[in-house]
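Here come two complexes built around chain A, the first alongside chain B, the second alongside chain C.
Right after this comes the complex of A and B.
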């Protein structure tokens, strides 16, 4: 790794930028945060991973054969990335949204006509949600055709199926929140299907809707599910999922 | 002798005994045909790729969101039922099935069976080696498989689920072509190498896609057939 470890120390001839960088990454404050200097050696590269709570989800080294795009098509990672985008845009949307009728719909109109970039924000959230359903499904197909669900990864596949179900439920509960005709009747169709469950169908539907038809009770229930319960659930399962990917020995080798 | 809490079964049938122990005596050297694999540092090789993928995704989302607006219709009105009322697109495959089957089949049985089928996959298909579809060309397997497919097609046809019937029929033709004109090379060779589990998954995905597309683009008032350009 000689190319990357050329002398980064501040020699008198070094440029201002490099001298500043060396001063910065050598300072006590920097070290208190990052525990290592500018990344020069393999030791720094390893420290970057395991002295960082977010990056230490990765091993310090990975198999070179697991890197090319065609191995995963980045689909699992993109699903996570979309979830992050959805969390950020979702929190911003929550600042403008009241889960009550007809206020919810008026808030949509405000996003369109009053809030700066409100439409853009809503678009980002909606299209990311649709895309996430697609990437999670494709990720499942990728794992299937790679045979990566075989022992010892059986359980992680099951966790994955739960993640797929949660992704669909998140998308479905979010669909009601704009409180327009599209939302209202799509959820009517969807929850009518739940009503077809034998014996307890009507009870399940009543529990979901907080009544016999969709109304304000439904809105608040779907809101709590969409913004609190389901995201918490999916975060917990994702933690298990990623941890298991590593514990099961990293990505499955090609068949 | 230490206590054993497992039992050794002697077998060379990988279906019956998927996890196996090899005993290597001292005078034989263990031969493994896996080379030690080349490793790279995660920083920068992996983390940089992830960062680039993330940037590209956000750029794509931003462009798309600038160009296409999320729909917003009139305020919800319980008294004004639109015709047709459609579920979100990822459930339109199920709603399309609702057109052919009673709600308990389309709304409960099918989704429940799909989730259960997905969950049990790794507990049924545990072998590393995947025999191609027609590898065991004994007549019994062929007959069983053929009659299962034919039987399901007949039942589906009775219910009039022609999107699934046609999709299944076309896929069966491809599978039969694999039997009649087998190949080892090229893209057709790759199709011929597909195992039965792969074919089942392909069939499931094909039916889901066809049903969903019909639900999204080809259904109008009263769930009647319309063309997208009508």
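Right after this comes the complex of A and C.
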């Protein structure tokens, strides 16, 4: 027991609830996980943040002047929320989807006709993806017009641009997975654009397609990119992004 | 703390959001197919009370699955009665499927009907949805799907596809288009190398302008040429001649002689024309055989001199002509030609119009020749007609190998208002080939509505290689028969295989000769060659009198007896004459039990459908009669002689009775 909980010792006057809470936050299991008791002082608040991997990217204090809607338009938060929706629906969709040429389109049809709420799931994923691209763009515009890319936030602007690119790439790779005509030709056009890069264009195109034309190799490549590589990358960059918001002086506030 | 109003708005928005999100899962709990299944269960309960064997089903999705065919058909979720014959009269979607030789649970539904098998709503399943490439076929065209597996030219399983393929063959679509199963064996149109010697200019113009006006059943399609195009092409084609000027002069003399022929000569010609049965192959005004061109108006078409030289030896003009080479005398040739020139004339033709046409046709100068050449190439004339210096390479029209599964997005509907479906597109194209764009070159075949539907069905069967080989019916061995030596020379000279077939090779309008040596006796065959007669009273005489020489007849008869035999048919089944009681049994079976006299004549009494049976022992071997009685369809699958399921003893007795029948009157061994 450390001294963090001493001033929370249950007194005979304390109610049953308070006594239970004190007992819970004082237990060995609680302490092994959270390392601190009930929050009462600013120090407790700081400790909570410092000792938690999820919370430590969040500022200990947020100024009220940074919170009004017209300052942030919640665009970053909306993007994160949509990303979470996409992750959840995406994982559920992965349960029904085979990234193989003969099955991919048939799985779309099964989602449409026989999977419980399959249409809902797929449409939710699709519309969230469209919305995320939009909110990420608007977020960038907001940051730009607010001049929030200026030092000391210049590195976070760069991270933000990388996140934008990753968001677009996630949309692009997901576009192929339904394996219909729209998907096929969109990826044909997209990879041909990559092929137009001077000197190494053909190599990039070959790398993306896993061959010279769209086929099973392309499908599996895009599937792995869409479900593993790009989401991992975006999560890591998002962590850096949020952490830097705090480190660079907090949310949307003139320095 | 936010004001209460804001909290309230947040709460309401949350509830609304939740309700919106709940719509989809709730809809999934009450799908369309569940209510249809409940309707079925009501129907089943009613029918069950009426004593029919119709059981209710458990509510749930059903599907037919065949990974080889790529079939996942959930049609049976709603079509619950397809395999229950009790529901033959039930309303859709519960009606029983008509009987079919295929196991529905094995091949599924969409293989034949198309549509979207995976779908579970009526609209999407029947395929009337956007972006679903193969909607359900209208019921008439479902037979087109039979042809996707039954790929032979004449699948007995489907009349529609067989008729469509026959039309594709007759219209010679494969000349310009790549069509699996069809190849251009020989050009269907005549060789044009001597067209200038052969036809009259005014006829050629009229023919090019609209062939169907001259001959309603013309095999040449209508290219919808303009007047000037037809005139230029006529002028261009008439320059192709083979005759030297001296021959042409001789020809003109001939012409005079023919036109001045006496009435007796013409009458003699007419008699010979009839006796030789020219009409068996050449119709007159649509009546008669279809093997050769219609001759009803031939005098208005060809030049008389050409007619005589043609009768002389058809193969000198066209080496692969199917016309037999008759052994005609000089007098016969001239009289027949004189008869044709004077009698087989187009009486409707207007001489004034002829003059007008002749004025239209330009002189074949350099410009006209170049233009004619271009027209000849542009319309692909050389794909059906041989003409020196006009060899064809590659396909001219579209590749039709997968036309049956063509995406609608790849079809040009032009400005037409027709339904946007493959079936409607094909049908409309068959009816009016150039409707979708004025730049199209496909000619008009004047298909009737029925024919256009049949061709469409046959085209729908061209679905590429989407059927795994193990589901394809075994293809019969391609027929092969290539005789050589003296018999082959007879076949060549008289073009026997234009009408008869041997081992699957040849025509279909006369009997198959594959087993002739096991069927008919040599003496009868020899006599038949001298004077062919019809075996069946209701048929008109068709076999032409070819005038075989004695040696040729001997060669043919011995070839029949040695080669065209089937060892499974015994020649004679009676070693000694059958006893009287057996003959009597046969007579009773013939007249009383099986009523054979309904179709066959014996002693001038009986029906007219089958051949008369008097003196049949002079014509047929007893072994063949016996085998025929046991199973007529074994020899001619489409014969109408019913298979009565005779026991061997009965067949033997009837054979004994028939074998004892004396010839009726004459010594010819037949009925006449």
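Here are a few things to note about the model shown:
To be clear about the criterion, the second predicted complex is superposed on the first by the 194 of 255 C-alpha atoms of A that agree within 3 Å, B and C clash if a C-alpha of one lies under 4 Å from a C-alpha of the other, contacts with A are read in each partner's own complex, and residues count from 1 in each chain.
Methods note: a residue touches a chain if its C-beta (ideal position, glycine included) is under 8 Å from a C-beta of that chain, and two chains touch if they have at least 3 such contacts.
Keep in mind that what you see is a predicted model, and the values were worked out from it rather than measured.
Looking at the shared chain after the overlay, A:186 reaches chain B, while chain C stays out of its contact range. Once the two complexes are laid over each other on the shared chain, residue contacts for A:120 go to chain B and to chain C alike. Chain A is touched at more residues by one of its partners, and among chain B and chain C that partner is B. Touch criterion met: A:178 reaches chain B, while chain C stays clear of it. When the two complexes are overlaid on their common chain A, residue A:110 makes contact with chain C while staying clear of chain B. Across the superposed pair, chain B and chain C both touch chain A at residues 102, 109, 112, 119-120, 180-181. Residues 18-19, 37-47, 49-50, 53-54, 57-58, 61-62, 64-66, 68-78, 80-82, 85-91, 94-95, 98, 102-104, 106-108, 115, 118-119, 121-123, 125-128, 130, 198, 201, 205 of chain B are the ones touching chain A in the complex. Taken in their complex, chain C has these residues touching chain A: 21, 24-25, 28, 61, 70, 72, 74, 116, 118-121, 124, 131. Against chain C, the residues of chain A that register as touching in their complex are 102, 106, 109-110, 112-114, 116-117, 119-120, 180-181.
If you check the complex, the residues on chain A that touch chain B are 39, 42, 45-46, 48-49, 55, 58-65, 67, 74, 77-78, 81-82, 85, 101-102, 105, 108-109, 112, 119-120, 122-124, 126-128, 130-131, 133, 140-141, 144-145, 147, 149-151, 153-154, 157-158, 161, 164-165, 168, 171-172, 175, 178-186, 188-190, 192-198, 201, 213-215, 255.
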